[in-house]
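The two complexes that follow have chain A in common; it is paired with chain B in the first and with chain C in the second.
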Partner chain A sequence: MLFLQLLVSGIQTGAIYALTAAGFALIFGATRVFHVAHGAAFALAGYSFLALSQAGFPWFVGAGAALVVAVAFGLFMDFLVYRPIQRHEGSFFTVFVAAFGMSIVVQSLIELGFGRGFVVVASPLTRAHEVLPGLYLADIFWVAVGVALLLFGAVTLFLERTRIGIGLRALSENPELLRAFGLSSRRLSMVAFGLGSALAVPGAVLTAMTSGLQPAIAAQVMLVSLAAAVVGGIGSLRGAALAGLLLGVVENLVVSVLDTQWSAAAGFVVLFAFILFKPSGLFGQAVAR
Partner chain B sequence: MIAYLLNLATLATIFGILAASLNVLIGYAGIFSIAHAVFFGLGAYAGAQLALQFIPDVLLACLAGGAISAALSLCLALPALRVRGEYFVAASLGLQMMAVTVFSEAHALTGGHGGLVGIPPATLFGADVSGPAPFLVFALAVLGLLLLAVRLLMRGSFGRALMAIRDSESAAEAFGKDVRALKTLAVALGCAMAGVAGALFAFYMAFVNVESFTLEQSILVMAMVIIGGTATLAGPLIGVLLLLLLPAGLSFLPFIPPTQIGAVQQLIYGLAMTLLMIFRPAGIAGGRR
Partner chain C sequence: MLHRRSLLAATALGLASPLAAPRLARAQAGSHVIGTLFPMAGPNAEYGGIFTSGIQLAIEHITADKWLQKPIELRAQDSQGTPQGGAVGMTKLANVDRAPYVLLGFTGVSKAAAPIGTRNKVVMINGGGVGPDLAELSPYFWNVIPLVNQEVQAMLPWLQAQKLLKIALVYVDDPLGTGVLAELKNGLPGIGGQLVGSFSIPPATQQFAAIAARVRDSKPDAVYFASYGAQQSQIVKQLRDNGISQPLLTYSGGSIPSVQALPEAEGLVLSGQAADWTRDDAVTKRFVTDWRAKHNSEPTAYHQNYYNGMRLFGLLAQGLEKAGKPVDGENLREEWLRVKRFAFVGGEGVFEERGTMSMPMQINQVRGGRSQKIA
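Moving on to the complex of A and B:
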């Protein structure tokens, strides 16, 4: 039963990871920007939700504010950080360091505003029921899985069916051709950053209600979405989501074999192994060295 | 006051060696490792164990630390040979996270979270060099020697070949450079220097634990190199001075409560990283590109 219990909580964590990683992959796929400040968008969304919930607003107000904050942060990064860098040089590492700097800034601002400790938003959804003998399940499990499936489906539809979605996919494949065709790559990259950051919001809200938030969550989420994006094949939304789910499950299942201290490292062992033996990931195309 | 300044100077020297070693990887070889604290740690543990089990000779400890780090640098060279850019950053991240777990779990070698305590005072060929002034002189001598070595190597054919690989791997290969061997050597050299810095650190602190070898430390050293200016001899040293003096300077400002200094300091260096990347990507000591 322990195995089943861990599997279930792994799926819940994995659903959150999957959505966040899909956002990261969407941004990377369309704009080729390695948005390591994605975790900061997650943290900002989570803490906005927390602040409004503590102020007594209903959950949907908090979630709405979280959405606004996350999208605004994504657009801010695109406009004021990535674009100026890409204008003059745009080497991959320059972008990486700048984004990393911003996520450190966000983390320390949160630390100054909310303190270092864990904070949780209490919710009746997290109360666990015994579903099978020895297997406890809280309603929030269904919320997490449902939201993840729904949003993932919606984003996939958006990318495949709408004009902007097709434009986003075209942007990732051939930006020059896209410009020659008369579409604006700047507008499309705004869409990618907005949508990608928005995908971090449900995970942030759910995490605030389940395991709680702390300032370092920005770095943690960044690491997980980065790992998921690489394992899934960089740029592949489906791959990132699947790998996110996988990482969540592995992280939880490892506990049944090894001590809990190893659970965080397990995901990175998977990551390291993938880079060494199959750098193209689950769904990626082959990469040049 | 003198003791305080000596302490600061010694730490700056040790971090100077560490930053210079990362500069070999980032600046000259174009290998963007964010796992450098791992090799700093390996050197520290090796030096500490040598001192605890056999003799507290600081020169031998430096050699041992360098040797261990160089040998295990293969863990970093392997992904560096297979993948580039984002993938390598992700791989080094994976390595860093795994190493922290191993450091805190391998109690027999590293003392776990408690660390290794009671490292005996440093001696050099039997003479006691553990006083603050003699130790500083020794550390400065090591720094000077290593900087000289780096300068000579990077001026010579090895350095030129490395920089050629950094700028275009396929062009260097077409010119008949053995890319694999050169990269492996560069990684080994950079990591060995980090190991030397680690051994000095262990003697100086007389105590090592995993807290000094985390991702934050890797990022701090990376920030030192980037802020100072990559691929220059003076750049990393400038970065070290700035980032080490920053907390020291902040603690003199009366209006910041002492408990918040850590967060404010993080905020400033995050901002510095982002702004520098936007306005001056080559760093303070680097020329305009």
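Moving on to the complex of A and C:
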């Protein structure tokens, strides 16, 4: 039963990881911008949800506000940070430093507004009950899995069936060709940042209710996002989603055979294994040089 | 970092004098530079704010009473709660800021900073770290907080009385956590108990569902956790969310507001030094009255410890100034060895040779978001 319990816990953790990593994978896949500030979008969404929940608003109002704040932040980064850098032929490193600096600014603002301590949105959904002898399950499990499935289905359909979605997939490959088809790479980049940042919201809301928030959470979010993006295949949305799930399940299952100390490290062992033996990740494309 | 440092220095200078003279002019006129080495950012930053507020009240009192001829200037370094941050911060405080007296916290930070401070003859005052190794760490390292071995020893008779004899331990894998592990392993058999499971976690872990499953599997009477910062809150919440209904136990690190405010922390039992705010001595009375007036809340043991740590500097430096001796690390230590007994908040503080201070202990329980003494 311990194994089943750990598997169930792993699926819940993995679903939240998958939701967390998907936005970063989408933005990087479409624009090739190493958007380290994605963790800050996640933190802002989580704290917006928290603020409105504490003010007594129903959850959907809080989630809506989180969506607005995350998307606005993503667009702000695209318009006012990355584009000016790219106009001046800014290097990858310049973009990275700018995004990293913005993450620190956001962290400091959150500290000023909400304090430096741990905060959580109390919800009865997170309380587990015994569904079988020795197997505990909280309602949030179904919410996390359901939201993840629904969202990935919707985003996959959008990317595969709509003109803008196909344009997003083509954006990183050949922006010149996009222009020939009458699509604007700038607008598509805006869509990528808006949609990618919006994808951070469900993960942020679920994290606010389950493991809670603290101002420095962006770093942890980026660690998970990067690991999932590499394991899934750089730029692949479904790869990042599956890799997030895989990391969550491995982190949990490993404690059935190893010391609990190895739980977090196990995910990164998976990451190193992929870097060594399948550097293109689960769904990435191998590039011949 | 620079911004925080400037802010803290300006705050301390502002407190140290009724005149708002520029910092540079004051520094040129001479001041006592005091260093702080606390986590000011990241998941443990809550402690930095708590520790600093205790120091600030002590500076206000020292200044108001005109104990010293020169004002006190605080220089803050962010330890990030990590040994690396501790080593870098102490190097700057000792070599750049030339602070002869540094207040610090966290076991890992203290152990990393101590050799650097000792080499530079900097007196280091710990009011927050509780790892047992902090006793006899250095002739210049003094603790104004009981260490965790004292805390666990105080908890054991209570566990015996409550018949909570099978204990599972979730501990952060650092000197604090391993210290608690050793104390419980050695102490539980003495009361007829046993450690039925011990689960180590890295300091950055945030997911505890799997650990909750393992804890549940070990069928304990109570679960002791030894961690700090935001991780403590995550442990409490996730253990409760994942079906752990047994009593939760911890050390004084759980006395921070973010832990106690959690609904899941209701009933949490924690050890700590005796904190009797109803005491009649003048030092305690003034501290409690002014704290309540300034912060509109009750002080905690951490506020008390860092107030005492700063007050200790005031007492030692006053003695040195009167004797016409320079206020440096070496002389501060000499003065400390000479006096040894100090009037502190909570009563007379008597230091032992190994740099520790013995204090009475108590067992508290979180009820309605506040700690209340139960034994």
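FYI, the second predicted complex is superposed on the first by the 282 of 289 C-alpha atoms of A that agree within 3 Å, B and C clash if a C-alpha of one lies under 4 Å from a C-alpha of the other, contacts with A are read in each partner's own complex, and residues count from 1 in each chain.
In this text, a residue touches a chain if its C-beta (ideal position, glycine included) is under 8 Å from a C-beta of that chain, and two chains touch if they have at least 3 such contacts.
Computed from a predicted structure; not experimentally measured.
When both complexes are superposed on chain A, chain B and chain C end up clashing with one another. In the superposition on chain A, A:Tyr136 makes contact with chain C only, not with chain B. After overlaying the two complexes on the shared chain, residue contacts for A:Ser225 are found with neither chain B nor chain C. Once the two complexes are laid over each other on the shared chain, residue contacts for A:Gly10 go to chain C alone; chain B is not touched. Applying the stated contact rule after C-alpha superposition, one finds that A:Thr94 touches chain B and leaves chain C untouched.
When the shared chain is aligned, no partner comes close enough to touch A:Ser197: not chain B, not chain C. In the superposed pair of complexes, A:Ala264 makes contact with chain B and with chain C alike. When the two structures are aligned on the shared chain, A:Leu2 is found in touch with chain C, with no touch to chain B. Judged by the touch definition given at the top, the superposed model places A:Glu111 against both chain B and chain C. Contacts of A:Ser53 after superposition: neither chain B nor chain C is touched. Comparing 56-64, 182-190 or 254-262 from chain B against chain C in the aligned model shows that the clashing stretch is 254-262.
In the superposition on chain A, the residues of chain A contacting both chain B and chain C are 107, 111, 259, 261, 264-265. Residues 34, 81, 84-85, 88-89, 91-105, 107-109, 111-112, 219, 223, 226-227, 230, 234, 259, 261-262, 264-265, 268-269, 271-272, 275-276, 279, 287, 289 of chain A touch chain B in their complex. Across the complex, chain A is touched by residues 26, 32, 78-79, 82-91, 93-95, 97-98, 100-102, 104-105, 169, 215, 219, 222-223, 226, 260, 262-264, 266-267, 269-275, 277-278, 281, 289 of chain B. Interface residues of chain A facing chain C in the complex, by the touch rule stated above, are 2, 5-6, 9-10, 12-13, 107, 111, 115-120, 122, 126-130, 134, 136, 138, 210-212, 214-216, 220, 251-253, 255, 259-261, 263-265.
Every residue of chain C that touches chain A in the complex is listed here, in rising order: 41-43, 45-46, 48-49, 173, 199-202, 204-214, 216-217, 229-230, 232-234, 237-238, 240-243, 256-259, 262-263.
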